[in-house]
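Consider the two complexes below, in which chain A is the common component and chain B and chain C are the respective partners.
== the complex of A and B ==
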């Protein structure tokens, strides 16, 4: 009996073995063609001078000279700085504002209506958001400056002043991202047992203490999720800077995706674009791991 | 008494913040709708107007005459619909394999899938464009659809959900002689429906709004352009002051249907996060 059981289990294991690969086949074929091959290909391209018009085999080999060039290129370093700044500021502001709003709205009257309103930008195409805000930010006939004018402020050159343009775009990104993060934080809030708050209140803790000592620590897995996905999204941002920053002075708002797009598909410098993409990817990858590590040290586990 | 005062003040602050925020959330949408009904002169006037003098409903007809909005709609629907279908198919299959089947290298492969999520799109622009060129897929639906047929996030989500299905259920079916594919299609897929709905909506929104890739692969063929690409080109095509109002009206065509449709579906947005397992304390 026991023997038979072991035997049958062994058989079903054997059968599963092939089935496993069969079920994975579409994904594995896809990943080899659209993931592994492109990464290797990209690396090869980054050591060549290639414009995609001739076969790659005929392209001149330039070794790591594009990397060396980029590390000294002011334009590229500016792009790098913009992307870093953009990611850190938008992710942290979005999460902090979303956290405060989620807590405020959680038990408020009309909470469904508020969530509805705050969520609308999440489903609006970023290209449309960028264009709409582009109009609101117009210096002489935009709505924003006219509101500022009511309070006696001078008009601001939101998208054309090189010191302000990137921050204006970040403000739009935070505006667009808050609602989504807020909904997710709300889902996390609903998981915190009410007892904790009741106990804290009996001990005399006010709303601020409850927020700091119960809500924030118990939400940390949620905050990890939002931070990790937020950064992964922010590193590759393209739509908003590209639609809003067209009239900004060169390189004051350019981000990595935009740089790669411009260098590869407008100037046809495939090697330089690939090298730039690779360099930034390394930094991004290290940064993402670093964030996961910080959270892990704080005792937060990711998936599984 | 003092404590009660404090509470009242806190409540006032709370609603002030909520309403102030809501005002800023609504303002751009309100302005968009209002501006779509203005004349170009009103739009460009030195003192910005909040409302049009006389609503120019004609703007909406004019845009339809000058911009192939319905072609863009059709393209976006075809692309987002096909990608969603493919992602549901590949993710549920792979998710089932990772959650319930045992085979060599399962852990390594799963970690590989997870790590693919950390790779930014800009790494793939050049090589995948080159592949599309080799295949002769540029300026066709294939270039817009096939490179998105598998999603690491989708596989992860499905795997998390399939893990919650009890093994006994599958073992019973196996004892009855069901093949793995039958188990997948008869037992797993029906149970996966809520998770599939979530993944479908997240994928559809993402594809519908996607901009960079369609911009690159349809740069020379207007008849394959999706909504975001088509509309973004209007700022170049209608750059003069007399045509500004057409850009804004076209934006309404782009924004309104999706916002109305997906606002009702916001709960699915949250579900994707809940299923991922991060919300468990």
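== the complex of A and C ==
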């Protein structure tokens, strides 16, 4: 190959590189504007003592003191623990219940109707869900306590007892989130060839063995997706605890997003709030990587 | 394009810009609801009770060179609106501000200094509690427009049913009466509360406690704000006085003052602005049901209060026009009253802080509900204007709720609150 040809190919490659970047530009600009810039800005703010009332340039630089404060703050550590608990319990229960329901509904009569019924809470605003469940949870004349009363149980202070309130909110979150997960799992179920089940049946496998050895393994990519996105959403939860948990001692129900919101807009400590948000971002990032690693070890790929 | 067309367009644009420049535009941010801004109207849309809009229109007619845009933001979003407007550079010229936010706004240079003539008028014409509310670091930063304090609101029918013809005068009497006014469901939950607090709202938790603290001769802070005094004997006793109601079963943390119109609350501590809701909720039963009395005291009669004041943004391009409007609205005699006083007394249902208005609107303020609040103005201790006031209030609320739930003793809750609050004070006052 002559030097001229090599040079010509090199130039052509360079031209194509330019075109490639040009095609990528809209996505890169969008990503930079709505992700990279806010993250960098949030990090900058987290090193300042800023109340949003003065220009950021006039705000005092405090280095990493807000991070140090948060990592020692009893309240922040408490809300962090609440959020972790909330994420683990709601995501696990939502996926398990959704999986069971999806399998049951998949071949049931009127499956479309069942899917619609279970999906309805997903399209209902979280604030409305919080309000409606607030009525169900009322200690006096609430539906749940009335049912408990029929069986001779003592009334429960669902949303004010600090030992119970967070779990009551989690139950609502599981109820509200199951339909969405169920629909995605149903789509996954449709992709499993019927031949596998037929073969298993011929080999003498019962419904439970079929579920355990065919359905679950072949749904793993779907379950990985639901687990990863579920945890990302659960770590950021705000509306349900905020609408339902305001009458309970805050330390027992508050989540990190609620803490960040309150620190920013009530206490006017934008630096501390940004530090909290940045820590939350790091935790979600690390947690998601951890989940992907666990699934990868189990032989599930697709999100590397 | 023809030359004549170009000249025509240039002329039109010039006229429009001159017309635009001729008017000074003021943006007026308030936290009031629709009927408070637009006025109370009948079914044909005729204004029965004037709202802010009608006063603004009147002012604009008198001053054709001024245009006022009202921006109404719900209370929960109001502080956020101020913060975001300053970050984005689209500020309002005039604000109605909650006194607790004042320190931070003043320290950040957000508020314009009040003209001297207005300060003199405020000092001579307004009630003490309201002046205290608008005063930060010994300077007045706005004209008080609304003063709110607290009183005991009780259900006359429920008290009579239990054999009480009078409301309690002392806290001890209240503690004795409340269990007798409490009824329980068969499952043990409270069906009728002898006394109700409200857990989910900082003012509803902190203000009644502060009233008891002041009544017990205690103080929240030292005068120079270098120390929180919540571990004093008086402060601990005040919270223990509240806890007696939880211990004797007259209340629990699930109580809600909003159930009063449903006849499920015998006594509660409430502010003047709840009158309209009570009237709407109780309808023709209102007068037979609602009774108001001073908060039962520990050592001396006392209540707590807070103020809303009207102020001008220091970054406003039309400060003079803004203060002129405020003078006209809040200070100028409109026939024995001020326009803001009329708006407060007739529409918003709050106590106007101008003494002239209190004297003038006797019909509105001397009724069975508001009259007690007006009389109690003399015993009202203004919520302290301290730096990070909202953050401090939230901390105290959280600790009080811990005590209500039996998770901490009064002493421990207040000691924890003091530790956290002192750290904040050290940031700003040492």
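Everything that follows uses one rule, which is that the second predicted complex is superposed on the first by the 268 of 304 C-alpha atoms of A that agree within 3 Å, B and C clash if a C-alpha of one lies under 4 Å from a C-alpha of the other, contacts with A are read in each partner's own complex, and residues count from 1 in each chain.
The rule is short, and it goes like this: contacts are C-beta pairs under 8 Å (C-beta built on N, C-alpha and C of every residue); 3 or more make two chains touch, one makes a residue touch a chain.
Keep in mind that what you see is a predicted model, and the values were worked out from it rather than measured.
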Partner chain(s) touched by A:157 [first = chain B, second = chain C, both, neither]: second
Touched partner set for A:249, first chain B, second chain C, both or neither: second
Which of chain B and chain C A:41 touches, first, second, both or neither: first
First (chain B), second (chain C), both or neither touched by A:64: neither
Touching partner for A:51 - first (chain B), second (chain C), both, neither: second
Between chain B and chain C, more extensive residue contact with chain A: B
Which of chain B and chain C A:293 touches, first, second, both or neither: neither
Partner chain in contact with A:265 - chain B first, chain C second, else both or neither: both
Touched partner set for A:139, first chain B, second chain C, both or neither: second
Doubly contacted residues of chain A, that is, touched by chain B and again by chain C: 52, 140-141, 246, 265
Interface residues, chain A side, partner chain C - complex: 51-54, 139-141, 145, 149, 154-155, 157, 159-160, 162, 246-251, 262, 265-269
Touching residues on chain B, where the partner in the complex is chain A: 10, 14-15, 17-18, 21-22, 24-29, 31-32, 35, 43-48, 50, 89-90, 93-94, 96-98, 101-104, 106, 109, 112-114, 116-131, 133, 146-147, 149-150, 155-156, 160, 174, 180-181, 184, 205, 208-209, 211-212, 215-216, 219, 227-228, 231-232, 235, 247-248, 251, 254-255, 258-259, 261-263, 266, 269-270, 273-274, 276-281
Complex interface listing, chain C residues touching chain A: 79-80, 82-84, 86-87, 104-105, 108-110, 185-191, 199-201, 252-254, 256, 388, 390-391, 394, 398, 401-402, 405, 407
Sites on chain A touched by chain B in the complex: 12-13, 15-24, 26-28, 30-31, 33-35, 37-39, 41-42, 45, 52, 100-101, 104-105, 108, 114-129, 131-133, 135-136, 140-143, 146, 175, 179-180, 183-184, 186-188, 191-192, 207, 218, 221-222, 224-225, 232, 235-236, 238-239, 242-243, 246, 256-257, 260-261, 264-265, 270, 273-274, 277-278, 280-281, 284-285, 288, 302-304
